[in-house]
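Read the structure below first, then the notes.
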Amino acid sequence: MVYDIIIDPFVQMVEQPDFLLQVLWEGFVSGILYALIALGFVLIFKASGVFNFAQGIMVVFAGLTLVGLHENGVPAFLALLLTIGVMGVLAYGVERVVMRPLVNQPDIILLMATIGLTYFLIGFGELVFGGEPKRMIADELWLPTGSTAIEMGDGGLVILQHIDIAAAVIAMVMVAGLGVFFNKTRIGRALRAVADDHQAALSVGISLNQIWAIVWFAAGIVALATGIMWGARSDVSFALEIIAFKALPVLILGGFTSIPGAIIGGLIIGFGEKLGEIYWGPMVGGGIESWLAYIIALIFLLFRPQGLFGERIIERV
Amino acid sequence: MSAVTAVRHLPETAVEEPEAAEREVLLRVDNVSLSFGGVKAITDISFDIRKGEIRAIIGPNGAGKTSMLNVINGFYHPQEGTITWRGQVRRKMRPYEAASQGIARTFQNVALFKGMTTLDNIMSGRTLKMHRNFFWQVLHYGPARNEEIEHRKKVEDIIDFLEIQAIRKTPVGKLPYGLQKRVELGRALAMEPDLLLLDEPMAGMNLEEKEDMSRFILDVNQEFGTTIALIEHDMGVVMDLSDRVVVLDYGRKIADGVPAEVQANQDVIDAYLGVAH
Amino acid sequence: MEHQAISSDATTAAADAPILKVNNIEVIYDHVILVLKGVSLTVPKGGIVALLGANGAGKTTTLKAISNLLGAERGDVTKGNITFEGEQVQDLSPNDLVRRGCIQVMEGRHCFGHLTIEENLLTGAYTRRDGASAIKADLEMVYTYFPRLRERRQSQAGYTSGGEQQMCAIGRALMSRPKMILLDEPSMGLAPQLVEEIFEIVKQLNEREGVSFLLAEQNTNVALKYATYGYIVESGRIVLDGDAKALRDNEDVKEFYLGVGGEGRKSFRNVKHYKRRKRWLA
Amino acid sequence: MFYREAGQFKTSYEADQALFPIRQDRIGLGIILAIAFVVIPLTANAFFLTSIMIPFLVFALATIGLNILTGYAGQLSLGTGAFMGVGAYSAYKLTSIFPEANLILVILLSGVFSAGIGVVFGLPSLRIKGLYLAVTTLAAQFFLEWCFIRIPWLYNYNASGAIEVQQRELFGVIATGAAATPLTRYFIVLSIVIALTWLVSNVIRGRIGRQWMMIRDMDIAAELIGVRPLTAKLSAFAVSSYLCGVAGAMMVFFWLGAAEPSAFAISLSFQVLFMAILGGLGSLTGCYMGAAFIWILPVLLRVLLPSLGLSVAAETVQHLTFMIVGALIIFFLITEPHGLARLWRIGKEKLRVWPFPYG
Amino acid sequence: EDSIYVPLFSYRTGPFAGSGIPIANGMSDYLTMLNERDGGIGGVKIVVEECETGYNTQKGVECYELVKPKNPVVLNPYSTGITLQVIPKASADRIPVLSMAYGLSAAAEGKTFPWIFNPPATYWDGASAIVKDIANREGGLENLKGKKIGYIFLDAGYGREPIPLMEQLSKDYGFTLTQYPVPATEMQNQSSQWLNVRRDRPDYMIMWGWGAMNPTAVKEATKIRYPMDRFYGVWWSGGNDDAAAGGMDAKGYRTLNFHGVGTDFPVISDIKKYVVDAGKSQVDPAKFADNLYNRGVYNSMLIAEAIRRAQQLTGKKVVNAEDVRAGFEALDIDAARIAEMGMTDFMAPLKLSCEDHNGHNDVYVVEWDGTTWQRATDWFSPMVDVVQPLLVAAAEEYVKTNAPWPERDVPCAGE
């Protein structure tokens, strides 16, 4: 028993190094993909203190718009541009209709409003695009498909999907770009100010409307990237929305406000989850992936209640 | 009505207090230092608070006054130094333990329970005094209800005393700042503390309100014999109300004594008062 | 709206090109709570005007109505209008107003807790377009006004002391190079020395840079010392206004706001117990 | 005009602390109870009882549970679904182990188990706050959901993995199972929900309830006043999960009749959270309003939209329902962020000052 | 009134819409075709109404309550979860339930479940059929000894249903069974499960998937380069889109089937003519007559035949739920009738009885050739002899746990 838990998994790891590598690679890729979703959350949270529940459905919506446009004969890259435009319109609409009237409200109210938005988008999306899953147009967008198998000494194989590599690259670029944007620019500073205190931000002349339109648009683009990547992995369907939950432990682990946190959190969860599920999961019947991420996050939180990179929670009297 | 109101008609000369210096020490701070990362909030400070006195703590902004109160009621734990409470060196304790030993306070940035009414806020001060268990609470009958009513009476006395009857049922979040401060005082009074720590109770008040507040503080001190530590930036108030004053600057103690002495101290004038008040 | 004007030249002061004019505004919170019941006031260009009054009189509400921050509190200006430099501004967004040069320092500090002091100050320059070096210079200016802030520039504002936060809030407003500042209780929680200093800064800005001020204050003594004109608000109405000097000499003001009765300053120890509340409005 | 308290003087603190100090409110409550206990049973059909009233009441109770934790004690929870599940599985195990036990007792006891589990998952709340706390409750949600599948003992080793409620009698009347009449089930649910609501309202206005609100409004200050965060938070978790557990048990026993683990999925947690927020955090009346809004509105839309004449496909109705509900949630939040309960109160406020627009 | 009310529980929304939509189209198009072509069944119009469940059990119960007052002649829950939920209710309310090749396997026992029908085969039949086909390829059941078979399934009532039988078979024939549960929330995120598959290297994989789980699984299988011809899906994992997700790499993927694929059947042409071309269908023309669409047609055929049979038995035109129940029990679709319906080669003959509500019919295997499904085996029978005792035991167990379960109180039809 003790052996099974403490020793055997490691023996397995050593015995099948190619498999271990594959597991780590898969962990890495899932981590990156979780991080992509989390990134969308972080953007909006960091800039408004709003936990945007609708990020998941925005991913689906962006993906569907892209594929749907293409299905209707729009060339792939034009469809991509148009989709970006649609996300812009969505951002503007959200700012106008949802955020603006709710300025200065408690976080939980704003959270709730984004849940209302989620409902609306689900209904609207299914009305427009229908509920059937659609195939992502990865080839048409010149995204690499196919895979490379790397031979390891004694017949072992590590299979790398090209699309996963692309996802990793895109995620890294986005993180780097957004990181610079937030920490080094005037607007970035304003975004953080808004998250702290809406009213005070207003009082120093920060235009919340503009700021929110910007971040929602940015989050929309992140959602589009996420939608393309996840869509290429399985399908673009409304079931993808559930995946958004996977971003929660990532977010919490990384800290709601940290862009690098989203990536690092994603990777920790990705690796932890895969290793746990593969080497320890079978002992309890498998499927532990569904909660393992939360437990990992929870353990980290007990030591750092604000997440790994989150801003210190200010407790003063 | 209650004893509280009664005292307000006492002739003012009636209370003959012993000299501050002769009274028993309630709390003593010895060589306390506190720092946050690189910031030294308090450096090697010692002073005492005697039973029944009004002890003012003054000093420029960021001098460490609030931090000192936080140390006293267990919210911060000093890196060095000891605190002696009623003659016993106090171990590291959680704030609620300090509260249960009779230390109450108000806060610089009003820390009321915003979603609750004035009445509930003051009732909340009675938390430690209520004991009925869950079972009775659920039924809200018999002992639990009697207890609730008995404490409600006490709270109503405080409400009368502070003259806030009209806002009894108003959620405090909506009250103007000055009234919030008053409610906060009420909440601290409801705890019937031995030591009451007041952090700038009169900030943001106009003269008239300050006069009211001064009256309340004096009454509390004289009627209940509550010891008070008072942080305040209005020198008029400090000089008039307090028995002794300790002055902090940049985390250090620069003066300690009766108001007149302190007021004349050149260091204090330089660091804090600017012009002689 | 009837109220006493105790100064004859009040009208002349207000006449020379007011920078701000508030006309008979009414404010309702939450659709049901009527707070301002017709407030009118005028700030002349280059003037320092004090808004005095007890707790809950409606000073903050008036300022927020001007700077258009009421929306965020679910308050509404239901009547009247406000002009800034001759233009109606009650429908502008707060940032437009800041861009035009009117900024508010909110009561109770409202610093951005997670930003450092320096970042806080820089957000004040958000609407400016005159380049990094000008902003840098102003940052220096603020640090010269408040040396304490320079020391704490890298600390998160949430962890600084109450007074430091107050300085930060005022400094932040200065960073926008305003023509007019709405100051809500600047002296609250500041050490006496600093109160004087802040008012000196107000005076300097006013004299050298021509910045106009509307300040809500509890500290009537200082306020009337620096202000040129004053209004007294009670329960949402202006009940008295006049030149600062005239107000200082007014017996009621002396008694209730300055604390100097006939026989000089009273001790706080000797405040009488009887209800002293006299009001202009019953 | 009719809603005035003029002339009603309270002469004792008892009277002032009564649940409904204003006479009109008492009358209103009386009318509502009369409708619930007399009018509805006399007039409603099976669909109304089974698909509207029973779920509405069950959800109202769950919402009260969540509201205790989130609205009163300020601890955000996304694990309601799982806590309801614990109640359901406990009740199921209890009746299969003690088939003769009184049904009401079984239901009430099942909450105790979820209270216990709730306390365990509440422990991290001592250190973790706000949105971050959501992770612990989410961990509870997913972990418990997993247990419901992976521990076959919980569902008596049924091949399907579902729990199916057997027929049980209460005072000689068939109360559960397919043969129980909707009316019987309705009465049982109604009585339990009303009784528990009353008890909860007692807790809330007493010391314990005040402690929760203190922790919610400002935990540091609460501690400085003498509230032990440990007891206050954990008691909130316990009471909250207790109510959720009872609601979960009733959900399976009196409404669904059988349940798979997926019935207690995260979507249920969210559903209840919507109800709590939309109804109004920190208001018991709000719980009923929120539950009514989130549960009844979509059902009505689904039933009514097709009967509007235009023949729309079933899924279009579903899409429209989603859109309408989403839009209404946003609309109500904008109109009154503090929920329907507050809207209601403002309405009453207006009535009081009528015919003047404000007071 | 002069019509028969047939509610169809369906889902065109939610995570399972991908599988739900083609089925819903097939189901309603066939009944519409009967209305258009023949003026209904036996001269009576069918009123078809879809109730959207989103594959959600709560909504399923709501649909049940919603349609109940309208006197439905049959219920068609289209989810194992909803079926389990509805079994006791429908039995008490006396409405027959058709759970075609899904739901509770034990419901095949007509003596215990007079109101429930699950033709043409139970999940247990399906599982045994797959094992049989594997054995066939291995050269006999005895060669299964020592083989490793992996079972990947949607971790819900549906996916768990076949487990008892598989365990039984693994005991009987000595192969090892490894389970890979996929939680509903992780349907589109199966990389762990497939990594495990890669490590365990099972000789065969069997899948019980649905909705978004299917295409993801097929894709993941191709990713780990699992030999696709050793990967079997139950009939519900055989949507065209499911396999297409894996593209050419998915070539060789096999699933069970019990009806024809494609348009080469008179009945399908009729649907095209009377419904699709007439603009009365919601189906996307490109997806007309794909595998799951035809499944829907088969499903509605069963309903229609039961109604027709009920009319014959009672001589009434407008039959009610009780009558249709009897109609199901007396269902006997022989070759002649099949030809009459234009379904020759589309389906195997089916006969139900009082005891047997399932038929344990023959099935066959189709294989994905990269673009469509190709028939890979002949019709063959599941291992009824293994399944039957388990069914009896399961039905007894059901009665025991759901005591007091009502005794059968309806006569055997046709007697």
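All chains are identified by letter, namely A, B, C, D and E, in their written order; residue positions are counted from 1 within each chain.
The criterion applied here is as follows: a contact is a pair of C-beta atoms (placed from the backbone, for glycine too) under 8 Å apart; a residue touches a chain by one contact, two chains touch by 3 or more.
None of the values given here were measured: they were computed from a predicted structure.
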| item | value |
| --- | --- |
| Minimal step count in the chain contact network, chain A to chain D | 1 |
| Chain whose Cα centroid lies at the greatest distance from that of chain C | E |
| Remotest chain, chain B as reference, centres from CA atoms | E |
| Winner on C-beta contact pairs when C-D is weighed against A-C | A-C |
| Distance from chain E to chain D - Cα centre to Cα centre, in angstrom | 37 |
| Between chain B and chain D, centroid-to-centroid distance (C-alpha), Å | 41 |
| Intercentroid distance (Cα basis), chain C paired with chain B, Å | 29 |
| Between chain E and chain C, distance of the C-alpha-averaged centres to the nearest whole Å | 75 |
| Chain E residues counted as touching two or more neighbouring chains | 11-13, 155, 181, 183-185 |
| Residues of chain B engaged with two or more neighbouring chains | 66, 75, 107-109, 111 |
| Residue numbers of chain D (touch at least two other chains) | 142, 146, 149, 220-221, 224, 266, 315, 318-319 |
| Chain D residues touching chain E - in the complex, by the definition given at the top | 45-47, 50-51, 96, 142, 146, 149, 156, 158-162, 164, 166-167, 177-179, 255-263, 265-266, 299, 302-303, 313-315, 317-319 |
| Complex interface listing, chain A residues touching chain D | 51, 97-98, 101-102, 105-109, 112-113, 115-124, 126-127, 131, 245, 248-249, 252, 256, 284-285, 287-288, 290-291, 294-295, 297-298, 301-302, 305-307, 310, 313, 315-317 |
| Footprint of chain D on chain B - complex, ascending | 73, 75, 94-96, 98-100, 104-105, 107, 111-116, 120, 123-128, 130, 132, 134, 137-140, 144-145, 147-149, 152-153, 156, 187, 191 |
| Touch list for chain A against partner chain C, complex | 103-104, 186, 189-190, 192-193, 195-210, 257, 311-312, 314, 316 |
| Residue numbers on chain B that touch chain C, as the complex places them | 8-9, 12, 36, 39, 59-63, 66, 108-109, 174-179, 200, 203-212, 214-215, 218, 233-237, 240-241, 272-275, 277 |
